[in-house]
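Next up: the structures, one after another.
First chain A sits with chain B, and in the next complex the same chain sits with chain C.
Right after this comes the complex of A and B.
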């Protein structure tokens, strides 16, 4: 017999833990600085930390409804944070990876737009199914009026629910979340590929100067980017604990914790990803 | 702060499963080293067996963690496990014969840090959080290393990153034709992720029974192993791949039948319905 309670999720911040975590991140940055100097590898670690923090921040924008949303009893997309963030991030990664040879700006823009497009399509079809399939209007349960359009929400909210459908603000939140997630994921992929592996991998493999190690570099950067993305997305999901409506949700205010946690996690995983070729 | 409401009675204690999974996985992954000793590839299937050991242990770890209700769905724990595991595993492959041990050590360090972040910085405040995420990272690293060893024949970085290519009748070393170069590792990643997150997700609920979940974990693991065996055709000799395929199919069929038996045992009632016979003509 098992009854699993809905976790409340801690409120506030544990300053000691946060200080320790930031200290660990600074220590890792310091070690990288000591070992590699102000080289591209050092900047790659910084970019990985920024990319991870962008992912952690972006996940908070995505309207996640979970099982209640599938029954039309809560607003948002009817699946979990990890799945949604994974979908948007991987779509962004594919969107940006093809452009890796065109420079960091085009690659990151491609990734960001890829992630945003993925979320825009998802949000649109979620609303099509809600409105035309289930016959329910979109109404937020957390805000009285939509902060962007000014439309009132309470009249449309059914009794006994926390709202339903995907209101405009949640839609926009989904796109912003996909944009930030795709941007962060592609940034990690790009710097690992171009600043670390292309430079160092041939030497680490003991390959001759003519050997083509690009497939290994792309594969390594890709799998590390996926791994880092999933770690950061799940940590952000743990911060949200369950469902969130979008940027107007009170839970959104928890983002500073997630940004610290994902930045530290990215520093830890990033230095390992760099160490595979550089040590 | 979350409260654990349920009481677990009977079954195999988690510590026992953890030790069995860890030791079994390490021993099986090291048994793939017989490949190098006998200069063949037929012992590659031990890698898959090691991965399945880790996955069975992992399904119980997910149960321990998710019995507190993490609020994000069971699959997220599997994604975290593999995401942190792959990072540790790839660095560990650089250490040659020490790779499996290094994978455990590195994954434990990464997992402990992630667990601390989730528990203290993100204020999850779940008593088993740090330990569970540490275990999950180790499981992710070991299962991926097992599948890599099975597909590529060895857990060494050189083995998973170099392949051979026949060019104008000559066999040359090719980085593009390897386990890493073809990005088969991404497929293995999700095969292991699905196998680790599915068992508890599918069996949870009021009639959850540990033995049913563990048999399902084995079944999922062997199902992934079948796919890895097919992929290993590209890198190993035909005999070795067929041995792997045969072993995985036999073990999958056995665990699947066990799981179905236990599902029938635990179902409230089940009816072995047969199609209605409609005789035509007399």
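Right after this comes the complex of A and C.
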């Protein structure tokens, strides 16, 4: 069969593992505090952790149906979780990076809207193809009634399938996921660039005027932001195990586990990204 | 100032047009190569006893594969530009070299994936390898060239701070994500399962029973590319083109207003407009097609 059930993970949290993970994160924060004090570099690490957690949380909103969705056997977007979240988040990062000189709030808001915009267009085209190309209406497999519109879903599922297309709740979930992904990605990029690299790289390279190091700093911050984005999106995808319909899917309740895991992973990656120039 | 705005709008339109061609070529390339999620059915069919002549090079999803190719093309182009090579020449050389990498990838991926099905009696067709690989390379050339050219415009003319290779990663992954999201269902359901009912999903029980015969002889992936290039490809193109165009348009035109908030407000309005359009499409489908079964029976 094509729809081989993926190993199903529960909603619960392994408290010992979580405790150890949080301890690791606190240790890294402690090391950063000891080394840099309450400086911008320390706050950059905290912002990277928050950005990573936002990405991990946001991925859970994105409706992804994988291979079954490509056959109209399950609702969602017919691609992988990490890939789609990556596409949206990076499109957001593109917009956010462009607005980086306008301050952290405008940059992050620009990145968030960029991610939401990418998902809004993509999700609409999923429904365009399903409705006008294949003659199939949207139907959720996990909810009997769309929580936002109140539309009944069960009778719109074709025989032998789990549902298809993107019901409105999944569409909105996609936009929220893109928004949070773009926000988190841009936050990581901004703090790495403005709070760490520009100043520290000039010092480390002895390059003199800031203009000389800015292109290197932008490249480095961009690479680390994309890398951190992919780390967090893949971690969240593992937590989801395969497919998810959006915020109404029972799997959505697993998000606290992913938020802890992505925060810890971001702390580990973040301290490396900072230490590469600041130590 | 006026000239700058006009130039910005022109470049935005140009980038959007390039992205539209890129999306269409990307989806057709991935459908000919079964790179998207429908590859699972191409791989499954021989295991269910349905030996076929469909090309399959899916050893990576579309977004990471295109992230690699576009970043590679953009990286080589950037390096050549830094050496002082003419921009058009640099774009072409960068894309040609990347297309060769894509060709190696497609060849090894096809041989690896199909050879793994030998125990199910699935042969490796050398004529398929020869005829399909070059066609996917041709489509990949178009997709990579247009995307790298678009990244070059963003970097050199519109002044985006990211270097060319980094823009290649960002837009390569976004291109693959948009193309696979829009194009996969059309290839997977509508073409591979053309023998199933129109207007309904493929029942799970039918998995693996993909259409293997064409009007004359056995169906191959060129037939699939011909079919999906009529709707899945153009729809993917418009999807990616709109993403690029609207993202640039809102930034180039509205960022100067309200200290940057203009672009954000316009972006929010665009998201709202697409939400309304999506809801209209959803309701239209429910009203026009109606339910499959009565609510009580369901």
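One rule holds for everything that comes next: the second predicted complex is superposed on the first by the 269 of 279 C-alpha atoms of A that agree within 3 Å, B and C clash if a C-alpha of one lies under 4 Å from a C-alpha of the other, contacts with A are read in each partner's own complex, and residues count from 1 in each chain.
Just so we're on the same page, a contact is a pair of C-beta atoms (placed from the backbone, for glycine too) under 8 Å apart; a residue touches a chain by one contact, two chains touch by 3 or more.
None of these values were measured; they are calculated from a predicted model.
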item	value
Combined model on chain A where chain B meets chain C, clash or fit	clash
Which of chain B and chain C A:160 touches, first, second, both or neither	second
Residue contacts on chain A - larger count, chain B or chain C	C
Partner chain in contact with A:226 - chain B first, chain C second, else both or neither	both
Touched partner set for A:138, first chain B, second chain C, both or neither	second
Chain B versus chain C as contact partner of A:83, first or second or both or neither	both
Partner chain in contact with A:129 - chain B first, chain C second, else both or neither	second
Partner chain in contact with A:30 - chain B first, chain C second, else both or neither	neither
Which of chain B and chain C A:91 touches, first, second, both or neither	second
Which superposed partner A:215 touches (first chain B, second chain C, both, neither)	both
Touched partner set for A:256, first chain B, second chain C, both or neither	neither
Of the stretches 9-17, 27-35, 45-53 or 117-125 belonging to chain C, the one that collides with chain B	117-125
Chain A residues contacted in one complex by chain B, in the other by chain C	1-3, 66, 80, 83, 86, 215, 218-219, 222-223, 226
Interfacial residue positions of chain A with respect to chain B in the complex	1-14, 17-18, 20-21, 24, 66, 80-83, 86, 205, 207, 211-216, 218-220, 222-224, 226-231, 233-235, 237-242, 257-258, 260-261, 264-265, 268-269, 272-273, 275-276
Residues of chain B defined as touching chain A within the complex	1-3, 5-6, 66-73, 75-77, 79-80, 82-88, 90-91, 94, 106, 110, 113-114, 116-118, 120-125, 158, 161-162, 173, 175-176, 178, 180-183, 185-186, 189, 204-206, 208
Chain A contact footprint on chain C (complex, rising order)	36-38, 40-41, 44, 61-64, 160-163, 166-167, 169-171, 173-174, 176-178, 180-190, 192-193, 198-208, 231-232, 235-236, 238-239, 242-243, 246-247, 250-251, 255, 259-261, 263-264, 267-268, 270-271, 274-275, 277-279, 281-282, 284-286, 289, 291-295, 297-298
Residue ranges of chain A in contact with chain C within the complex	1-3, 66-67, 69-73, 77-80, 83-84, 86-88, 90-91, 93-95, 97-100, 102-103, 106, 109-110, 113-114, 116-118, 120-138, 149, 151-152, 154-161, 163-168, 171-172, 175, 215, 218-219, 222-223, 226
